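Here come two complexes built around chain A, the first alongside chain B, the second alongside chain C.
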Partner chain A sequence: MAGRRQGARRDTRTAYLLLGPSLFGISAFLVLPILVVAWLALQRWDLIGPRTFVGLDNVVAVAADGRFARSLLITAVFVAIVIPAQTVLGLVAALLLNRGLRGSAAFRVLYVLPWICAPLVLGVVWRWVLAPTDGALNALIGRRVEWLADPVLALPSVAAVTVWTHVGYVALFFSAGLRAIPDTVHEAAMLDGAGAGQRFWRITLPLLRPTTFFVLVTQIIATFQVFDSVYALTPDGGPQGVTDVVAGRIYYEAFEQRAVGQAAVMALVLFVLLVVVTLVQQRWFSRRTTYDLST
Partner chain B sequence: MRTAGTYLLLVLGAVVTLAPFLLSVQTALKSPQQFASEPVLTPPAPPTLENFAELFGDRYDFVSPTVVTAQVVAVILLGQLVFSVFAAYAFARLRFPGRDALFWLYVATLMVPQIVTIIPLYAVFADLGIRNTFWALVLPYVFGHPYGIFLLREYFKGIPGDLLDAAKLDGAGTPRILWHVVVPVSRPILATLAIITVVTHWNNFLWPLVITSGRQWQVLTVATSALQSQYNSNWTIVMAATTIAILPLTILFLAFQRHVVRSITITGFR
Partner chain C sequence: MRLRPLVAAAVAALALAACSPAGPDDAPSGEGATTVTVRLWDEQVAAAYEQSFDEFTRQNPDIQVQVNVVPWKDYFVRLPLDVAGGTVDDVYWLNSSNFGALADGGKLIDVGRELADEQASWVPAAVEQYSRSGTLWGVPALTDGRIAVYYNKAMVEAAGVDPDNLTWHPADPAADTFLPAARKLTRDSAGRTADQPGFDPGAITQYGFNAARDLQAIYYDFVGSNGGRIQAEDGSLAFTDPKTVEAFSYLVKLVNTDHVAPSAADTNDNPDFSRDQFLQGKMALFQSGTYNLKNVGDGATFEWGVAPLVAGPQGRVSVVSSVIAAGNADSPRRDAILKVLRWIGSEEGASYVGEEGAALPAVTAAQQAYFDYWEGQGVDTTFFGDAGGRATIPAPFGPKFEAASTAFNPILNEVFAGRTPVAEGMQQAQDAGNAALR
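Let's look at the complex of A and B:
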């Protein structure tokens, strides 16, 4: 008994020794920043000079500044274009990949390739592909289209690049989800005379619901934070500010306008927004999904 | 017929996926003269490495960002592996008061977006006087990330207790158990975590952009971005830069694709 208690005490000491570094790292670089950003939201600071307490002035200024509200709207539109497109294309790719053809594994790997590259660097590559005079796409189609400089086309173009980057990743999840559906379910339906369309809508899609939900929620959260590719493709918010997404707005506000307090307010709003989305999804998740992780 | 149609679509997808990569490499292999005088899509004739030579020459000096990036990634990788193994072992195999609450805290921090932490971290690092240093680049990431700890914890929980008990009976302390039992049986998951870490930090852009200034500690992503905005229409040089920024990861990816693909489906990393 005494030995076990002593062992438990030794376990506790060892555990805290082992946890020390990560506990320090996570407190200092993930938890503390939330407190500091809340404090900065109450200050006026230009990155170099002294900080002065201004109370809720920054909140009032951000509320009055239409650009933050606009950037939230732009981001929502961006998410609304990207998510359906990459989900549908990813599902189609997964269905093609799961027909059991030779070489499917190689295609699967190939499709994920863009996803492991730096979004910033891919953005630079695409900026050239979409360049008006010496770009590859216009050379290919033989027309001069201002993909990134036209206020109407800029946001869809940036969204298209984001979709291109993520389709393979989404397909990977759907592919795993499809493989988790037992063949016998489809065989039984076939025996009952269900056509391909019926089987897809009545069996495959409902059984994929957990995967679909996981993909949608994680991708919505990630897409809401888009910065690197947008920054590379359309710096300074794009033509007439049409690609001024939230993360970009916060970056420009803090590090170019040097209005750190206001940027801190915006960052807090984004944080709260994403926490709410995450909590809602966890509610859903714990209730209705069992996600098969085997591949 | 159905098979042919499937292949056609799969190949079409592959072409759309690969085209930007191939186009950028072929442009990087063209002389600026050829790029200026001939249609964009013509192949390089003859292929030349002069863009790469110039990129690594005195004018653009891409040697420095490449070396800095490699160093940053190496230090972060070492720290993440060691400290994640420590933390994951404590959560998976030790009993101590506050364990569940702490683990919940770790997982909860996954909700914090990078753009939110950047402003306060900049303020703290500026106050500490370590802005624009090597340590500024690595400190926020070197102590382990909740994702990696979570990933390893799940794996460590599956290690047979007998294996650990046998080592304990032989008188091995925690460091020896970690090094001689836990690490050897966890190679696949450690490889996965290593790849996740390398990919994430080779590609990191926002934090290095904010916390460094000037050439000394510029990483590859920031250097590529700066090069593009400075030499906008010098596309042969810019494409040489993107090739350098992408190529090492592509090779790593192709070599370890099984691990990467598996890790994505397990964790949905990033």
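Let's look at the complex of A and C:
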């Protein structure tokens, strides 16, 4: 009896040891920053002077500042442009790559290259490509278009660069998802007389739901938090503030206006928003997803 | 078995140590020597400082100096973060928009008291600019001198323009010699100038001038030359002053109606666009300061010269701005910092900056080396001094000017883009800026 208890205690100790690094990581890099941000949301602080406890003053100030609500709206529009485009294009790219055509491996690397490059570097390169004078794109089309300076074109242009950057990453996951679908399922469908379209809509897409769920959750979170590429392309929030996304507004409040408390409130709002969006997605997908083909 | 938790703890401690940010305390030290770190944004001056500090260390073997360059674009975003995190350098450069908040926050060494005996040897305008609450908050390191005009010799000769005698006027075309000259200097891809029929503003291959949302080189000087103001004496913004609105209207017209300057789409987010166009031989007149002299000297492959600032109804009125080297009041190396600051503010220490032509030192006795360097290069720099006029408009001041400028810049972008009418935009810019100042 004593031996069993000792063994159990040893197991518990080993479990804590194994969990230790993860617990440390989660505490230090997730829980602690959230607590610090929540604490900062109650302070007035300009980074240089003293901190003053102001209660909910920052919340009131952010609620009264229409620019934050506008940046939320702009981010929602940005997400609505980027997510469908990069998901569909990523899926199409994955379907083409998985046909086993010659050069597919090279194309796979090529698609993923933008994703592994630093977004700020990509931003600088694309700024040159989209520049109105001496820009590569305008030289190609032979007319002057102010891609990043026109209030109508700026957000779609930034969105297009974001889609271009992430399509390879999305394709990589869809490609893995497609490979996980056994050929036997498609063969059985073909024997039953299902055409290519039917097989895609009734077999491929439903069986890709776990992958689609993962891609959508991670990409929606990343797109809501988009900052570096937008900042590199349109540093002052774009013409008439049309590219003033939420993360940019948080950066502006914290590091340019040095209103750290208000920036912390905005960061918390974004955090809560992302938790809600993720939970909704999780709920929607969990009712419609089959994870294991053997069940 | 007992070893395992110890090993785990050691690994965790190592990981923590690896995660801690590097700060000035981590700077390499020679044996027994104190290392003082100096932060600045200019690569050219950093190279001159390396030589200067080598000599300093030879004379003060117990102190080593490490120069850290942070690019201008990130400089004033990183600085307050590093000050808040305690990782800022022992000595760091500051400009007039940013020193007030740090001085008021007690983060800077009181140079006025500590180095009072040196004060008379520094450019008086710089001492005045960085004095606040009755004391001086840094050693004047550089002064930009007056703003002047770099010109492409072949272009002005071809157009028959004398760049030394250009005067603009917002209301009297007969008194305005600048606009006709700028139009002669602007060409489209068919070779037509902006004053000729059929000129195509959509295909400009040579710009006349660099009108843009450029605080130091353009709009402060145009506003000053028109008798306007940017800030009232209490530091609040005065963008709606009628003379100020007039000057901005003139500039915006140069871009959007006269088409003699690059579009705001090119210049709003790219402050180097005009300089690059000038260096590529696509711009005739480039109004700027000594901070671009080395860039032009090294980069231009054509014959160029320096003319005085374009005159306005009130004559040639320039903004004159300086840079200070401030001491970190929270650093434990106060004595060593003061020795380094004294060296930066000495004739010998500052002469290295002047001798390389990197920048104009704010130590009066060290300035001749700078002028001699450029004279040796065949460049007349007198228009950056009194030969370019004496009248000035005050440089930005106040502890929150940086926050104000980040608030009003997007609005001025729209004004320069021609999407917001000038008077309306100036009112918006003033309101947004003053809100940020509070």
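Observations, loosely collected:
Methods note: the second predicted complex is superposed on the first by the 246 of 295 C-alpha atoms of A that agree within 3 Å, B and C clash if a C-alpha of one lies under 4 Å from a C-alpha of the other, contacts with A are read in each partner's own complex, and residues count from 1 in each chain.
One rule holds in what follows: a residue touches a chain if its C-beta (ideal position, glycine included) is under 8 Å from a C-beta of that chain, and two chains touch if they have at least 3 such contacts.
What you see is a predicted model; the values in this text were computed from it and never measured.
When the two complexes are overlaid on chain A, chain B and chain C occupy overlapping space and clash. Once chain A of one complex is fitted onto chain A of the other, the partner contacts of A:222 are limited to chain B, with no touch recorded for chain C. Once chain A of one complex is fitted onto chain A of the other, the partner contacts of A:119 are limited to chain B, with no touch recorded for chain C.
When the two complexes are overlaid on their common chain A, residue A:24 makes contact with chain B and with chain C alike. In the superposed model, A:198 lies in contact with neither chain B nor chain C. In the overlay built on the shared chain, the residue A:256 is in contact with chain C alone; chain B does not reach it.
Contact with chain C, but none with chain B, is seen for A:46 once the two complexes are overlaid on the shared chain. In the superposed model, A:107 makes contact with chain B only, not with chain C. In the superposition on chain A, contact is made by A:36 with chain B only, not with chain C. In the superposition on chain A, A:235 makes contact with both chain B and chain C. Residue by residue along chain A, chain B and chain C are tallied for touches, and B comes out ahead. Within chain A, the residues touched by chain B in the first complex and by chain C in the second are 24, 47-48, 127, 131, 235, 255. Of all residues in chain A, only 17, 20, 24, 46-49, 127, 131-133, 144, 146, 148-151, 234-237, 239-241, 252, 255-258 touch chain C in the complex they form. Of all the residues in chain A, the ones that touch chain B in their complex are 8, 11-12, 14-16, 18-19, 21-26, 29-37, 40, 45, 47-48, 93, 96-97, 99, 101, 103-104, 107-114, 116-122, 124-129, 131, 134-136, 139-140, 164, 167-169, 172-173, 176, 214, 218, 222, 225, 227-228, 231-232, 235, 246-247, 250-251, 254-255, 260, 263-264, 267-268, 270-271, 274-275, 278, 293, 295. Interface of chain B with chain A (complex): residues 3, 6-7, 9-10, 13-14, 16-21, 23-24, 27, 35, 39-41, 79, 83-84, 86-87, 89-90, 94-97, 99, 102, 105-106, 109, 111-124, 126, 139-144, 146, 149, 174, 199, 202-206, 210, 220-221, 224-225, 228-229, 233, 235, 238-239, 241-242, 245-246, 249-250, 253-254, 257, 260-262, 264-266, 268, 270.
Chain C makes touch with chain A in their complex at residues 4-5, 8, 12, 77, 80-81, 83-84, 101-102, 104-105, 107, 202, 262-266, 268-270, 273, 402-403, 406-407, 409-410, 413-414, 417, 419, 436.
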